[in-house]
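By letter and in written order, the chains are A, B and C; residue numbering begins at 1 in each of them.
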Amino acid sequence: MTSTNEKQLSKGMGIRARRGIAYVVLVLLSFLCLFWFYVLFINATRSNGELTKGFTPLPGGYLLTNWTNLVHGTLPVWQGLFNSFVVAASCAILCTYFSSMTAYAIHVYDFKLKKFMFTFILMIMMIPTQVTALGFLQLVGKMGLEDNFIPLIVPSIAAPVTFFYMKQYMESALPLSLVEAARIDGSGEFRTFNSIVLPLMKPAIAVQAIFTFVSNWNNYFTPALILHDDKMKTLPILIAQLRSADWLKFDMGQVYVMIAFSIFPVIVVYLLLSKFIVQGVAMGSVKG
Amino acid sequence: MKAAKRGKVVSYNRWGYIFLIPFVLVYLVFQFIPLVSTVYNSFYENYRSGLTQIGPNFVGLGNYRALLANSDIWIYLRNTLIMWAMGFVPQIIVSLLLGAWFTNPSLRLKGQQFFKTVIYLPNLIMASAFAMLFFTLFSDGGPINSILVQLGILDAPFRFLSNTWGTRSLVAMMNFLMWFGNTTILLMAGMMGIDTSLFEAAEVDGATSTQVFFRITLPLLRPILIYVMITSLIGGLQMFDVPQVLTNGTGEPMRSSMTLIMYLNKHLFNKNYGLGGALSVFLFIITGVLSLIVFRFSSEKK
Amino acid sequence: MKKKLLSALLVTAMAVGTLAGCGGNPSSGSGTASGGAAGQQTQAAGGEQAADEGKVLNIYVWNEEFKSRVTDHYPGYEAVDATTGTIGDVTVKWNITPNDDNAYQNNLDETLLKQADAAADDKIDIFLVEADYALKYVDTEYTMPIKDLGITDADIADQYPYTQDIVTDSNGVLKGLSWQGCPGVLFYNREAAKETFGTDDPDAVQEYVKDWATFNETAAALHEKGYNIMSSVNDSFRVYSNNVTSPWVVDGKINIDDNIMKWVEDSKALVDAGYTTTYELWDADWQKGFFPDGKVFCYFGPAWLVNFSMAADTEGSIGNQGGWGAAKGPQGFFWGGTWICAATGTDNPSLVKDIMLQLTTNPEIMTDIVVKDDDFVNNKPAMEALADGSQTITKTDENGNVTYEGPYYSDILGGQNPLPMYCEGVADLQLSNLSSYDQGCNEEFQDAMKAYFEGKATLDEAKELFYKAVTEKYPELSY
């Protein structure tokens, strides 16, 4: 009895020390993560001329001026925000839904080409996206899909990395017996997937939805080559356009405000989804 | 009876194909056609001189020979792997540590929600914008240098981006900051899946938390670790945007921070589908081999 | 705050002769009104000619500069929204693709190559180019000779010759026009000049920087007083490279001109002696010299650099205190500028012609551009009249009250009138040694030599890197 007590006591002290270390590391990392937002904010509050002086830790007084210059300029920032949202959200939805579906096909069913398909998709994953970028653009041109969101959204249906994650997740979180049970209840395969499997996949979907949303929100390369009409442009293109402004209009203060403006919505989306992730991950653990 | 059952099974399995249709269809249209043309083009001389198209002329393995004629490509591979490792090693250590802390109920960390949320935030900043902020801080007259000089650590400002290891460190640091939150989230998802009764049993047996971590958490985490390793390796070999924006595409100094994809990007400047295609095939083979090694290595240990 | 600066600098032409029409109108700074008055007669003509031509005018650009010039100054242009407008019954479509990642040229290339097969209304009519890559487009069939549009030599006689050199193809055919002239001079820190030479008089200072040998000697004197002669060696690259005697590529071989090698030699010496640095242009460190604490003696640049990029609107900067002076410097050069090209196959040739003529040759419109945008326009007589003071300017405060009337001067330059210097520098400029590889060569050369200057590589290694980088971009070249 005494020995266990002693042990617990010494262990308790160990825990306190480790907790201390954990807090120090966490605070340090949080600082490293949040610091950039502070720098961005500072720069967004300074005029183009002040920015040439270099970084100062105190904000300037130009935030409102920069912001008014930006929204009263010729760039359609609100339209850009809307476009970015449409593209990123559609990608996130299509990507997670169809990747789950693909993973489900490989995970649940047993068919001749299963092994081949799995290996095939894994191999695709190793092909860098830049490799096919220019061929992709020519294709888009031939299909007459320039100034159109389709070539930005639809390809996200075939996302090998998301598929791989979904597949790994299903292996740990989707018992085949569940599918069997649904079949016995007379549920169709498609309905089983939609109403039983998808809800189970929520945590994985939330995680991948964020990843996909963010990477598409920040994508510049492909959209810049496909979207030329101001009504269709997404935020990263508008930022690049602001940065290549002529000397008369060039204003880094506006650029920083625009960057801050374009990050803000992603933060909101992330904060909304992150709660869901943490909950979801916890839910998954109960089952594990 | 038996025949009927088999028939039913077959009809279920047909759904496997049906569910694959969207992926396969989209893949074929938007990626496979461009990909095939990439491989096909690697055997041709095919580029633009200004607005004039040169080729395609069949050159057999000429592009591959040109690529391997000097050691450049191996240098770029080495750069890529070095910068990947410099970012990935701290990343996986920190992520495992954070994952362990967050999932350890006896630590009872406060403000977990906050920390879990914060670590992913740097990923929300575009790489190009992130690089702009880095420039502001790490310039010769920037705050980092003035702090280091004022503290007496340095005599004169250190020119981070004119120094091989300075540049590589900044690339690694940016990659680390952008991706460690992502890795932590993935690992945490894996750790939460581990049966808590295992931890309780270990505690009863008097195992230290270090023992618990290495004997229980790590082995059980292997599948997700493999996933993280492989996707990170693949992502690392495809490293592009961070060093590209940080060095303005030059990979300076003297190309010591030039990655394979940055090199590929140089060939895309004049739409050199020939050399670019050959480089892509090379990259594909390298990635495949390395992924296989990681896969073998980690499953053998099991 | 740019606006404020603009109105303070507002240069209103108090015109003699042809310019009388738009003179003395304090509200001319507000834009479209003045443009409309300038060209009513031409608008009617343009409308008639366009009758049998296409209904859509497609213009490819990378930023909004040209769009705002057309909006403000082309008679009859009505903006519909950010990327659409109308001229008479022709719809103008602006295809704006930013420069980042070479996106503008990639997009333009793909569209030009499809030009022949495109429907009439989808064909590019006008596209814009910059000096460094102008020949890539000009030296092809995709760009239309100016003559074929019906523009004569007499029409463009008042333009600066260098602006035409840049868009003249290898057969000597002119294929583009610009409304801007961007001659550059040496802007020196008056405080540093007084401290080092005991005078800040432009003519006296010029003696210290009149050629490269003197310039380099002066660097030592400035160093003693704690000043870097330039912010970076990249500042002077443009000056050397504008004065080469051979192009970057000769018969398919990469060629490094003697004057470029002289830049390397001079720069290495300056860097080794600690007289300057290797910062990239526009870096935070490079910009430090805009302020007194940056301790930089001079920058090489055109009018727009000192007027708009050197933080003149910011408290405490040298420009804000009127602390810069302008001297001609060792050699003449230019920096910047945008050229208008007509795409072969355009279905609106007469409208394209009219836009080119109005914006690049019509003295009224060009003076308007000086007034509204503070551009240095591509019109010799107009600029010379301002330079020698035969044409005076009016400055107004924010309320439109006239505060000054007289010869042109610059507050930022401490009251100096730099125009004679600009005009002189640009008159000497010979740019016959251009190639369509200039963009790649200039960029890669500076990048490669940076390693040499910093002692990270030998000269041969740096050259080797330059050759390698250029042949990656242009596989058809050898060395």
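Odds and ends about this structure:
Criterion: a contact is a pair of C-beta atoms (placed from the backbone, for glycine too) under 8 Å apart; a residue touches a chain by one contact, two chains touch by 3 or more.
From a predicted model like this one, the values you see are computed outputs, not experimental measurements.
The set of chains touching subunit A and also touching subunit B is given as C. Chain pair with the larger contact count among B-C and A-C is A-C, by C-beta pairs in contact.
The geometric centre of subunit A is 15 Å away from that of subunit B, both derived from CA atoms.
With centres defined as mean CA coordinates, subunit C is found 41 Å away from subunit A.
Within subunit C, contacts with two or more other chains are made by residues 100, 284-285, 288. Residue positions of subunit B touching 2 or more other chains: 128, 136, 139, 141-142. Listed for subunit A are residues 54-55, 138, 220, each touching two or more other chains.
Those residues of subunit C that touch subunit A in the shared complex are 1-2, 62-65, 67-68, 81-83, 94-101, 103, 106-107, 110, 114, 284-285, 287-288, 290-291, 304-305, 308-314, 317, 336, 338, 373-374.
Partner subunit C is touched in their complex by these residues of subunit B: 47-54, 72, 128, 135-136, 139-142, 159, 162, 164, 248, 250, 252-255, 266-267, 269-270, 272, 275. Of all residues in subunit B, only 9, 12-20, 22-24, 26-27, 29-31, 33-35, 37-38, 94, 97-98, 101, 106-109, 113-130, 132-133, 136-137, 139, 141-143, 177, 180-182, 185-186, 188-189, 192-196, 206, 208-209, 223-224, 227, 231, 234, 237-238, 240, 261, 264-265, 268, 271, 273, 276-277, 280, 283-284, 287-288, 291 touch subunit A in the complex they form. If you check the complex, the residues on subunit A that touch subunit B are 7, 14-15, 18-19, 22-23, 25-26, 29-30, 32-34, 36-37, 39-40, 43, 54-55, 57, 98-99, 101-102, 104-106, 108-111, 113-114, 117, 121, 123-136, 138-139, 151, 154-155, 157-158, 161, 163-165, 168-169, 171-173, 183, 189-190, 193, 203-204, 207, 210-211, 214, 218, 220, 236, 239, 259, 262-263, 266-267, 270-271, 274, 277-278, 281-282, 284-285, 288. Those residues of subunit A lying in contact with subunit C across their complex are 47-50, 52-55, 62, 65, 74-76, 137-138, 141, 220-221, 224-225, 228-231, 237, 240-241, 243-251.
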